[in-house]
């Protein structure tokens, strides 16, 4: 039984970690923290847990929490994880960080999009936690940088095309649409029901902080530096990201051939599903599950590859992927405890 | 391994049975029928199942399907089950019927709300599948009448009060609100997104066919015949029924005492959660789970008991409860394979 | 042209006042206040107004604002209006208060549900602004207490029945369901999209502050003091209140006769629509309009009257009704500038 | 008073025409047709009209209907209008066709995307009803081809850029997201609430029939033939289309300069609003209004222009634009009777 601390547990990714870990046969959550709700039973903040757990939010220090845990999930805002991770690592704990703090290899790039980094020495050691690309390194990771939600949807959708040189890297456009849970649980006007329902908008059109993470990983896949156009949008749904990807084909190729390249690339991946020709995913088919569903085709008239990916931003885009990484880091079968069939309708 | 046939599997309750049974460790779905989708893979009709099952909808006759199954779920319209159940029963199969056909003891009552009954001989044998009330008889049932969604939410909310004589039976009012999945998957204007979203209405105000089922069971609990006022409403959500129940108190009693009666009545029931004083459930806390959550209090100013119940109409209100009954009928631990923590947010 | 100040204009009722008044041929909004958004153009806070108005939120004092306005709408929290209304009244302005501060005749009752009243001397003068009941007094009002949203839906639904002695006053139950805009635009967790969408709950089951307002007006209609059971619920929609009303009939009467009583009571009321037999309203049929739609029938089996009312909580439940009152107070045709056909779908 | 026939009036565009025309001071709807609902009062099919109109759906022949009308709106499926329009034109009526039948200049192109054309002789005469581009010709039109919803959102978003040669025509990508009302009111599984709510998907990725219409008009603006990539998506909202447009800049230009080009292009257009720098529209800011809102910027890192447009698909994308065209064709002020401030929240 892996003893687990969820550090920063009152937001949606923390709550989703708890939900998934309660159903995990080899994990036991021993502590969950929250400053705002310190002393309040988790089941009072999230009634979905009534009768499921007696855990109470704590604001105990990392130094103390480390004593009872083998592995720590950091579900903290960007910039905060870098102060906490070193404490747990020094205490010999494995750390899975869901923030962006250890995702960007190039400190200058990190600091230009985020803020000054105070634990730069750890960046090199951190492993980027996309199992489909880095499975072997993840198995030995001590500090894992769990990917962002948008980057997961973009990278998985383009990896086969870029790795096989199908598309022109400078032509890539990623048009992403995310559910509201991606904005977290902080009370703010822009996340109110009345502001979101029956609405839809683009936001951060002039630059979203997930861009450097995408470009880093896409560039590795393409074998050269890349810049992409990325426009995120806010969907009036709770969960899910759907990303539509466009890239100029560099050769004459048919839709079936492209599909075959995608199928081969992902082979027996447990959490990637390639749709058959002419089919494209709906976020409602992955909500609640750890799948990334992918549909891909070519636009013959314009010579473009078009791929559509769908994930649950809280599962494959955050907490589910974090647990997939935990399984790998702890020598468990990778699928252990992860939901497969989503909730539909 | 229990071999299972889902007869009438293309609607939402059929799909939910499949979803739940795929995660059930002791059950194997061997066939699933649909006239409309005969020959089509289930995963094509419901992409949520891509990679999860190779099942293909069939329109094979009951006589043939019975050969490979131990137990059959009938997810059919009212009036159709009565023609199919006898065939499976004669073949020695256990039958769990999700329609209303075997719920009403009094044939005259059934026929006045529904239609002529063609298998009346089986009604006496059928067991009403509310485990909280009929657990022992369910264990030995051959033909199980799975309760309606509204009746489940009403009966569980009033059972402790009526059994203990807290309220005047003739004073009961049940104001229910249901998600749209309760209307099934038949294409009809009233279930279109544009007709439902941002809307809310009462319907069948002058009489809903679930009334005789409620009155039968409430009457048994009260120890005398009862009539109730029941108004169903259509919520712009996919899953969930919330019922607000009102009854005139016949004695002077405090909210805590009432709560205590409810807590004692349900004791260690695995799928009923009584909320603490002042707390009332939200359907989003049960969606995806088999729980019936109950909050109860008294309105001192008017001398009424007010109870609020929440269930997922597709789970505790249909397919989950059907599997709870299957577990009992097959001598499995009652909770086997049933979802506990719902999907939130 | 009536010169208007909207005092407290950044919330949804303030915004709705502005939306409606921009289309009003005899009104001109000359100022709109907000502390939080002082100095910000209204069109920036609410892009729906881009190109429609150059108004900028101000936090100018009432003493100054009064100079340029003939009539002031107070869209303020309960307890704040009582401090502001006297200033405008002294300056000779007409005041329409959308808070509860001047609705309750009995100061003790007001103070037991709200807080200490600091302008009690004005209560007697204030006119309760339900035109269907108090049209003549409204015409001469200087200080108008605009009704609450829930009370509007409850009082209009019961007025004909109580006035004609159809139902037993002590038997009244009001089960109300409101859209989220009723909670205002303050950022709070309970109003977040992820907390509300696909959810539904009862709240303030043990006492909502609109109760004394309802009981006061229902009591006047019944000709004797009344207590009612009132349970509000939160709907996952932006606009709309649907209230289902139950009352014990005191005589043997048919549904058509009841309908006739309702039709007669409301006669040519411009903003009440009585549905024909067997039809009941949907909030989506009134959203955006100033109508109160009413369906009514009897439950023969239990001897109850059941009425269902639907309003847009921001229009007939707040800002639309306020403008209807303004029209009356300013000798304009009552329907002037008020939306009739709502937005559907 | 213009006497109007709405031919094909039971769908959402027909209903929206009626809603808007009821508020139009110079128009009177004298007949509205529907085969399915022939004989049924409009207010019964759409309760939003209760008390607003006594119109009853008719299935009278065009030959008869023409007698009482000056102008006819055809709200018919593609392929049906071409059979009806000639009859009304011969009777001397003005015709505004909301289908695609008369939008495509090149019959071969029309026939390759739709079906055989049976009224080809009329195509040349038909005027494409985008007032921002063809105002003068619209004034004199006898047969008006009202633009498609997606094309309106795409063409208005790119017109200034293409006309001024800002972007490479072959680089254009249009990623569109539409509300469900665009799919009409026919009962079909894909439009059910349970299939749409909390979901989001791309559809017709491999070719949508609005493409030739877009390419025709964009090509005229660019001064050369164009092909574009267009991917439509289905949003879980009732109304609205948001389109995100990408094009490779052919020169070094700043965001403010681009904005200036857009502002100049649209000048005093009554129904186009250009947002200030850094601001982008939300469909909830145009829902219910006839506006097309546009935000535009450049992506410096990749050298692309990014424009975001928002319209209400039923208003500026269909019925509102049709009335704008009617106003022009009837020498009325262009804005007559058209809604400006949408319904928010």
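Residue numbering begins at 1 within each chain, and the chains themselves are lettered A, B, C and D in the order written.
Convention: a residue touches a chain if its C-beta (ideal position, glycine included) is under 8 Å from a C-beta of that chain, and two chains touch if they have at least 3 such contacts.
These figures come from a predicted structure and were not determined experimentally.
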item	value
Chain pair with the higher count of C-beta pairs in contact (A-D, C-D)	A-D
Most distant chain from chain B by Cα centroid	D
Chain B and chain D: spacing of chain centres that average the CA atoms, whole Å	45
Rounded Å distance, chain C centre to chain D centre (Cα mean)	36
Geometric centre distance via CA averages, chain D-chain A, whole Å	38
Where chain A touches two or more other chains, by residue	12, 181, 194-195, 197-198, 236-239, 281-282, 284, 287, 345
Complex contact set, residues of chain A against chain C	12, 180-181, 185, 187-189, 191-198, 236-238
Residue ranges of chain A touching chain B (in the complex, touch as defined)	12, 15, 19, 22-23, 46-52, 181, 197-198, 238-239, 273, 275, 279, 281-282, 284-289, 291, 293, 340-345
Complex contacts: residues of chain A adjacent to chain D	170, 173, 175, 177, 194-195, 197-203, 205-206, 227-229, 231, 233, 235-240, 242, 244, 246, 278, 280-284, 287, 295, 297, 299, 301-302, 304, 306, 308, 310, 345
